[in-house]
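Both complexes shown next keep subunit A, but they swap its partner, so subunit B is in the first and subunit C is in the second.
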Partner chain A sequence: MTKISFHHAGGAVDVLDVDPGTSIMRAAVTNGVAGIVGECGGQAMCATCHVYVRPEYLADLPAISDDEEEMLDCTADPRDAARSRLGCQVILGNGLEDLEVDVPGSQV
Partner chain B sequence: MTLETTTAQPVPVADWVTIAGLHKDPFPIYRRMREEAPVHWVPAVGRYMVTTYESCHLIENDQETFSANETGSLMKRAMGHSMLRKDDPEHDVDRKSYGSVLRPKAIKETWNGIFEKNSATFLDRLRAAGPGADLISEYAAPYAAENLRLIMGFHNASQEDMQRWSQTMINGTGNYADDPDVWTASKKSYDEVDDAIEEVLPYLLKNPDGSLLSGLAAMPIPMEAIRANMKMTIGGGLNEPRDVIGVAAWALMENPSQLNQVKADPALFAVAFEEAVRWVAPIGMYPRETTKETVLEGIQLPQGARLGVVIGAANRDPKVFTDPESFDINREKKPHLAFGGGNHFCAGTWVARASVAGVALPRLFGGLPNLRLDPEQAAVDAGWVFRGMTSLPVTWDK
Partner chain C sequence: MDNIVGNGQAGIQLVDSLRTEGYTGRITVIGEEAHFPYQRPPLSKDYMSDAKTPLPLPLRAERFFAGNDVDSRLGVRVTAVDRARRTATLDDGSRLVYSKLVLATGAANRELSVPGSGLAGIHGLRTLSDAEAVHARLAVARSVVVIGAGFIGLEFAAAARQRGLDVTVLEFADRPMGRALSPAMSGYFAGAHERMGVQLRFGEGIASFEGRDGHVCSAVSTAGHSYPADLVLVGIGVIPRTERPRQPGCRWTTGSSWMAPCAPRTRTSSPLGTAPATPAAMPPPAPGWSQCRTPRIRPAIWPGPSWEAARATPSCPGSGPSRAR
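Let's look at the complex of A and B:
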């Protein structure tokens, strides 16, 4: 199992244990984590699965693809040059066993 | 499972719903249905109509239980078997064949300039028609058609061809009455589109551009899939932007304080666009079919049930949206379902946003001083599977 923590404004945290191979978006949506929408089901097409990855984990992340790159310019809350990612494009496991993200205030 | 089946309710029947009533104004009907149950069998429509936000949202994210590959689909007959009626993994192959053509970077680099040019052309046409002209036929429809013609790469067709193809094949898709004249017109367009594709592909191989057909010309995709996907995209990419231009313009002209707000801050056209597609979803209902017996929000459904996923009703669910029946750009932002969701999430979402909220609406209200509803002629909104303005007479200061 891999562990992911979703930090919400105000300090609340959702901590989930999920199977390796699960995306951040899928983990959030199937477990009812507030603030992650995932309208397009993970096709890097809607930008409603935006998360800010906590700095200590940035080095462990996969590279940003062209599709993710252009979609990160379409997020509802401002893009953070270093920390913004699409939750559907980051898969847990395979070296990314533990992750903490901040949930943006808005996805639409 | 035992628990589910013992507590599940049978499907209520809504025999009081008529097609004529839905066509005129579906929203009071949706409201009554939603208040009674999340799903009804509707004899007049021949489908189980799903009207709550929660159920529509569940369906679009569960293609294993709710298949898009409907048996006896009229859309397959009218347009061929496109990606819209496939499940993954077959769907995914077709969807990926569209590449980056409809994505934000291509829109910025290629299509926005074309949208500006087309908006100027048809704004001139509306001006020339003069006060009292119909905003839909003089501006919204030809603008949406010409944009789509170039995005798709039909260099051998006109925007009028696109409009005729779209309408006749959509009529085929909705031909539940099996009217032979509707099938004749639909089949004629089907053949014309096939011919146009065959003619333009070699041209695009020699003269590549950023269009869908140009991308497909160079790809190992079966011709049958290309043909079906092009027809579906003609049917799905023209009427909807046209209808949201009409509905958004109408709603803003009916609500002068909101219009003033938007004029003072053009960034709010994007908000007005989202609120217009929430308030009147251009695609009000789309089909799915159950692959097994299932329970949806407590209602028992048989295997093979033909569902109508009524996103037009979900978007006005009071459990999600406060005061859902009114158009209000200042409402709390919430995700609506107008673009569908899950694997069939509209491939043209960003094209629609850029062409309508980014160009069509701001140029319209910026270009025609004091644009307003024509007091002499009534605006008409109609439809339910597809809904929009059938006529929108406007006037302005010269």
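Let's look at the complex of A and C:
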């Protein structure tokens, strides 16, 4: 199992244990984490799964693809040059066993 | 009690919007599919390109339904609505009384009726059950023929090609996704698929299928060419599931299939019935059905149902900021 923590504004945290191979977006949508929508179903086409990855985990993340790069410019809340990622493009497991992200204030 | 018929994108978004806006009445959702409400879009994309057994993506988490006090009746179909008595009859024989009924019955795949279309190995793709059957078939198939170069046909063609299968797409028109895209965009996508090794055959419709032992083995096009096929995916559009509102006395004021340019209302002429969305790409279903003078084509894609459902909420009784979530 891999662990992911979603930090919300105001301090609430959702901590989930999910199977390796699960994306941040799928983990959130399946478990009803508020503030992650996933409208396109994980196609890097909607940017409603935007998260800010906490700095201590940035080095463990996969590279940003061209599609993700383009979509990150379309997030509802401002893109953070270092921390913004699309939750559907980051898969847990395989070296990313533990992750903490901040949930943006809006996705649409 | 309210009942919402159809547990697709529109039905579930409506539940969400009703509760968000403070509606406190009982909500029952009736869905013909036995599956927990799931997202359709991935079914023609990663669901197919992934050789492992993929998981569907839920429309909402399970706790959404419990937490919002929603009674989900899955695996049952509404077969009749009696507007005078305000009852809906289900195919399990039971009958529900409603105060307000919302029809969010979506669309069904248009079916092919050419010779041989009943052979095994010929599939449509709309439901999770369809996707499970096609996914299982992909594991053993070698040659795929896709009928129709629309969104779903091309997405599926790309996924099958990614998995190393021979893929031929037959399209009656002269370019892909012609209903939705400009010629330039069609050209872009045609090129992208051809570079992947997908064979695109424009100006060729499907004439018939040939089979061996009850299973499809080739597809014969209207140009007379025969293409080997042990899996056929039919993606020729959808028709709205309007069986219910089409009853006598219940007429749509703005058929949502082409309502966009009309008044932004989604109510049926019945004071009891509201139809958030029936996405469809088709001519008007019947003369006099819609008050819109000009039939407009509405792309059968996702944002439509969500927005229509969100717009349908204020007319529901009891909605309002009375309940904090």
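Convention: the second predicted complex is superposed on the first by the 108 of 108 C-alpha atoms of A that agree within 3 Å, B and C clash if a C-alpha of one lies under 4 Å from a C-alpha of the other, contacts with A are read in each partner's own complex, and residues count from 1 in each chain.
Basically, a contact is a pair of C-beta atoms (placed from the backbone, for glycine too) under 8 Å apart; a residue touches a chain by one contact, two chains touch by 3 or more.
This structure is a prediction, so every number in the text was calculated from the model and none was measured.
> Based on the superposition on subunit A, does the combination of subunit B and subunit C result in a clash or a fit?
Once subunit A is superposed (C-alpha atoms), there is a clash between subunit B and subunit C.
> Based on the superposed arrangement, let me know which partner A:103 touches: subunit B (first), subunit C (second), both, or neither?
neither
> Looking at the overlay, what does A:31 touch: subunit B (first), subunit C (second), both, or neither?
Only subunit C is touched by A:31; subunit B is not.
> Considering only the touch criterion stated at the top, classify A:18 as touching first (subunit B), second (subunit C), both, or neither.
neither
> Could you look at A:39 and tell me whether it touches subunit B, subunit C, both or neither (first, second, both, neither)?
Both partners, subunit B and subunit C.
> Quick one: name whichever of subunit B and subunit C touches more residues of subunit A.
Partner with more touched residues of subunit A: B.
> In the overlaid three-chain picture, which partner chain does A:71 touch, first (subunit B) or second (subunit C), both, or neither?
In the superposed model, A:71 contacts subunit B only, not subunit C.
> Examine A:48 and indicate which partner it touches, taking first as subunit B and second as subunit C; both and neither are also allowed.
After superposing on A, A:48 lies in contact with subunit B but is clear of subunit C.
> Which of these subunit C stretches, 61-69, 151-159 or 205-213, gets into subunit B when the structures are overlaid?
The superposed arrangement places subunit C into subunit B at 151-159.
> Based on the A-chain superposition described above, do subunit B and subunit C contact any of the same residues on subunit A, and if so which?
Looking at subunit A, the two contact sets intersect at 29, 39-41, 43.
> Going by the contact rule set out above, which residues of subunit C touch subunit A in the complex?
Touching subunit A from subunit C are residues 39, 41-42, 45-46, 55, 57-58, 60-64, 67, 302.
> Which subunit A residues qualify as touching subunit B in the complex?
For this pair, the touching residues of subunit A are 29, 37, 39-41, 43, 45-46, 48, 66-67, 70-71, 73-74, 76, 106-108.
> Inside the complex, what are the residues of subunit B that reach subunit A?
61, 95, 100, 103-105, 274, 333-335, 339, 341-343, 345, 347, 349-350
> In the complex, go through subunit A and note every residue touching subunit C.
Counting only subunit A, the residues touching subunit C are 26, 29-32, 38-43.
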